[in-house]
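Sharing a structure below in structure tokens format, with a few things to ask.
Read from first to last, the chains carry the letters A, B, C, D, E and F; within each, the first residue is number 1.
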């Protein structure tokens, strides 16, 4: 079964990484560190299908569950990724029950949804009874990050076949007229994030949030979030590279 | 003129980064942080020519000088990389004056060397008088990292057409029967590194060293090294990813 | 003229292969075996545009007509593939006359359709009068594989500019509440396949079907199908690899 | 600021190149020749995201502004390209005010539009205040090239957030029932092109046109066009290759 | 520990597959069938480092040990592949004790050999004590396939640090003046293969052989071979594709 | 049979193109213009095996013979390219009879040479009797372009198994202490080129030369050269792009 779903069903919370850089080396290395899932960002990075499949294999080989934040809530993109071994789909810019139904439909085979049959890599991992078990192997989360999405949150939550909501705080902040800064402490953003978490939980679903730093993620887990993603790879690398350069030069970069 | 050479000629010391990961995003991002050069490692990573050329362009666009640690001291590999815009060549496993002459020959056009003419990207940057100025645009360093290389250091230093020596401390430690740990404080390794530095300087050449951490690099600059490379990208990323995960989980990874 | 269309116009039936694996070697090798067309599956495999264009050239060089089962019935995807040398478009999940018109519109230039002009590779093959002959060079087939598609079959068939229907039996079986097994002998599926064939022929169009094995394909040709595709490459390879391994081990895998 | 916008704001006209071939070498070489912008054609060529990002870096390194003619007017494609460093978006087949609003919405952050936040490469170039300046860094042009687009030109021009109109004369000719020949002198096409230019200028916006040859482009600049793109790379190369072959063979190809 | 070495040490014989096609899908699929190792052929196929690393991860993820038949007996190529996770090296065209020493030197760290330190992926799998255990994790085999190699077999076998000999029957046949047919029953070839096996075993080393078909491989295992590789992927696929096409057409291809 | 060899054997002279840019579109387009061969330059460009195989297929599909100027005179590189469908090998920097024998050995199977057997793509084109005909299908030329090569020309010409000599005038000029300008009219270079041609013909072999422009190539054909290559793709494209830009701007670039 899906590792993230297993964690949830046994009462735990899952911690994921966020990959904006394309490549197998760091994907496998991060997976081996103990992240429960690694999310390949295909919306705001250069990663496309060719690289994504190699990365998903590397993540699986490293012991984490391969997730993808897809470019858009399109059934063809989602289906193709699921066929190549994505076991988590995070769909951006969900704004209505229709959007949510479209996502659910893309993730599940009939009669629950309309996913087309051709599961190349899942057949390898799950064998011939994959068709009957497919819905259990994949996690789907709808991103709430716009004004309209916020307004229609309850409608979105009423849709069956989606595991929950994933909050994109940068876009959410922008939607609320605030600056898109990481781990924002702007009260307007903080309130919106808390409100979403509470309503998702009230609807009996899972809620996750994109985090910029470890302590912030820890606080979110303590608040009850079911899923957090940690600092994106490129951000971690750039911050380290800046610090190391300062150390080497003695402060004068 | 080559930025690293300019720094040296104006009495400064150059600081480089070390790229084991393939990809343009972090290469450009690191270049923009102020590294003087970024070394693409083609010996101990998956990077090959196709990716290397895109990365060299990204590094140049970010303002750093693109260097390559080549897979081997082969004139065809070195010539092809120089044609694609590598302005620094760090050749591994140099063990003799013959090896050093082979490197020098690969880097310079006749009559100084035997480089074949076809400078695709340098012609774009330096224009039609590139042929006459080529030797000034490129830096070449021979890696001393084996027992035989150590024994023949003076012979290597006697070869014209090479800017200096770059120390690979991991292989050097192994060659001396020590463990290949980063920034080793093993006296045998420390002594060998110091000895190489002194003899290179005595010969009037430049000396560089691969470093694992910022403070170590700073100490090496203080000791007089002309060039240091800082923590490799993959090592920085993995260390950050481990730390962030621990922060998020509260210590329990 | 398109080889498959030529076969049809001279009263024959066409036999195609099905490519789920990305790569030029086997694409060209299979083309040289005498397949009339090879269908690159871009819906349920990892193949994307970069690889597809190299594969289409290899298929053409091997003497078969390059077809693509597109990811989705999108005019931009279809147009780009046609510009790169796809001479057959098989569009999945067609469910209505609107869907069919969208496909027809993507395949034909005005006034028949709305394809945008920029035929990179077809200009090479067909020369400057390609614009006037384009519709003859390309075959388009709509996949009927859902409940809604089945219900609207006659509407779909009434749309001009599409050569016919291609049946996806796995999704069709799922749509009918049956298991998606290859070459299904489930009477419900068998009946639906026969019914579609008859209605397509009654409408004067061509009908094709995806087959899992050679004898099944032969039976379908005997029943009157105009186009069959044979065992997908990955399925053939996996079956052979399993059998060879059993032979080598004497039955104990 | 965007180079093309700067030129416009200082009263000048911009000249771009058109790239149908995938690759960094010629992209950088052409950028260094002095083109103001180079347009990567992702609609009618094989170029996709992986190659496009390397090409955009090469173009920027060569001193031109990287533009993209996108495959379709889709917000996810446009957003991803902008995140990777496209500073000009030319969207094909715009036919209505709705289409135009969709384009404007994809290009601008809220509240002007609905672009999602994740500007990987623009953050490197413009730094942390990119969010506030983003709209100034990017140029967007809607292509008018269909009957419906022509009919709705004034509606399209009434939409805010788009810099202007880019004419695709081949599709426009086809839409008008004419042959899609380059730099058409067909009076129907010539009139339509002039009419569009005049109405765009009357609306206070910028107008560009795709040209097949240098003198034609010069004439268009003289007529008042704000932006011209010159002969596509593949067309230039093929014409030269034909001529050189004839010269070598003495006329007998 | 290396799976093939484990099998050998527990008295078993290993069965491998042979990959001439580039791609992760079939590599992983074949690994999951129960092959002990899969050999990526980098000498007689298009596969290079970029693809090989993704394939090695896929093979490992599928449960087989990733081997490579390298392009040449070059330390830089062998070291780079080992750094990327090749746990078996099959080196072609070994003709002398010098050749064999060169192979052994490339595979082992000092003092046994001269491999340079930078084990990117092995560090992930084996952790920080990899350096001390590296020699146990990798299998190396020298190919005997030329007249000179045959003449110097005993010299080759006397070299320490190589696990054994891998026979390439096609080149061996050619060397002996025979046709390069698969699984040759030519007595001259059969005798040479038997003689090599006997002498390798007499020297206390392992012997493997490239096989074209399952039954032939089984016979070789029965004769005492420690390692067989089965039908290459492309050969299996082409044979199946031909057979299926004949079945579909009723014999008339 | 090889098209270039056929032309030669029927008393003609062959005209080739020279590809420094990586990509299939222009490779196929140029092949269709009527070039007898297209030479993929792997020494002074970014093209490597992955791209080269796709380009060779495209060239073959366009009707020209695919040649490669290899990176170096290495048997593994030459063998791998021949296995992937290179039917002409131009080896740089040949300086002695030993170098020439190494080239001849790489191109021919035993007993003429030492090529290893594994002809992936040639088997597709030539079928199962390829082994016996291989030497007829491939053309090999040694580049004379250094002082030492010039001095040893007669030795090189005495080696069997090579079709002739290909002159690299840029490196040759440099070797003679002259500037590496295209189509040099420097008498020293002109004399050397003529001398080589005469001595190659005196030895009964073929001679080719790299040309920068059509009229120069025509003159060389008139002088008796058996093979000329015309302006490299990147040079043609850059020259056209400069001219077109000047035309558009009215002289002011």
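As a working rule, a residue touches a chain if its C-beta (ideal position, glycine included) is under 8 Å from a C-beta of that chain, and two chains touch if they have at least 3 such contacts.
Because the structure is predicted, anything quoted here is derived from the model rather than measured.
Shared contacts of chain C and chain E, meaning chains that touch the two of them, come down to A, F. Graph distance from chain A to chain E, where chains that touch are one step apart, equals 1. Most remote chain with respect to chain C, judged by CA-atom centres, is B. Comparing B-F with the candidates C-E, A-E or E-F, the pair whose contacts agree for more than half of the residue-numbered pairs is E-F. In whole angstrom, the spacing between the mean C-alpha positions of chain B and chain E is 34.
Between chain A and chain B, the centres computed from C-alpha atoms are 38 Å apart.
Those residues of chain D in touch with two or more other chains are numbered 20, 22, 24-25, 29, 45-46, 48, 50, 53, 74, 120, 234.
Chain contacts in this assembly follow no simple pattern; the graph is neither a line, a ring, a star nor complete.
The full set of touching chain pairs reads A-B, A-C, A-D, A-E, B-D, B-E, B-F, C-D, C-E, C-F, D-F, E-F. Within the complex formed with chain C, the residues of chain D that make contact are 20, 22, 41, 43-46, 48, 50-51, 71-72, 74, 92-93, 145-147, 168, 170-171, 174-175, 177, 179-180, 234. If you check the complex, the residues on chain C that touch chain D are 48-50, 53, 74-77, 79-80, 83-84, 109-111, 114, 116-120, 131.
Of all the residues in chain F, the ones that touch chain D in their complex are 15, 17, 20-26, 29-30, 33-35, 45-46, 211, 213-215, 217-218, 221, 228, 230-231, 233-234, 236-250, 253. Chain contact summary for the complex, chain C toward chain F: residues 24-25, 28-29, 32, 53-54, 57-58, 60-62, 120-121, 124.
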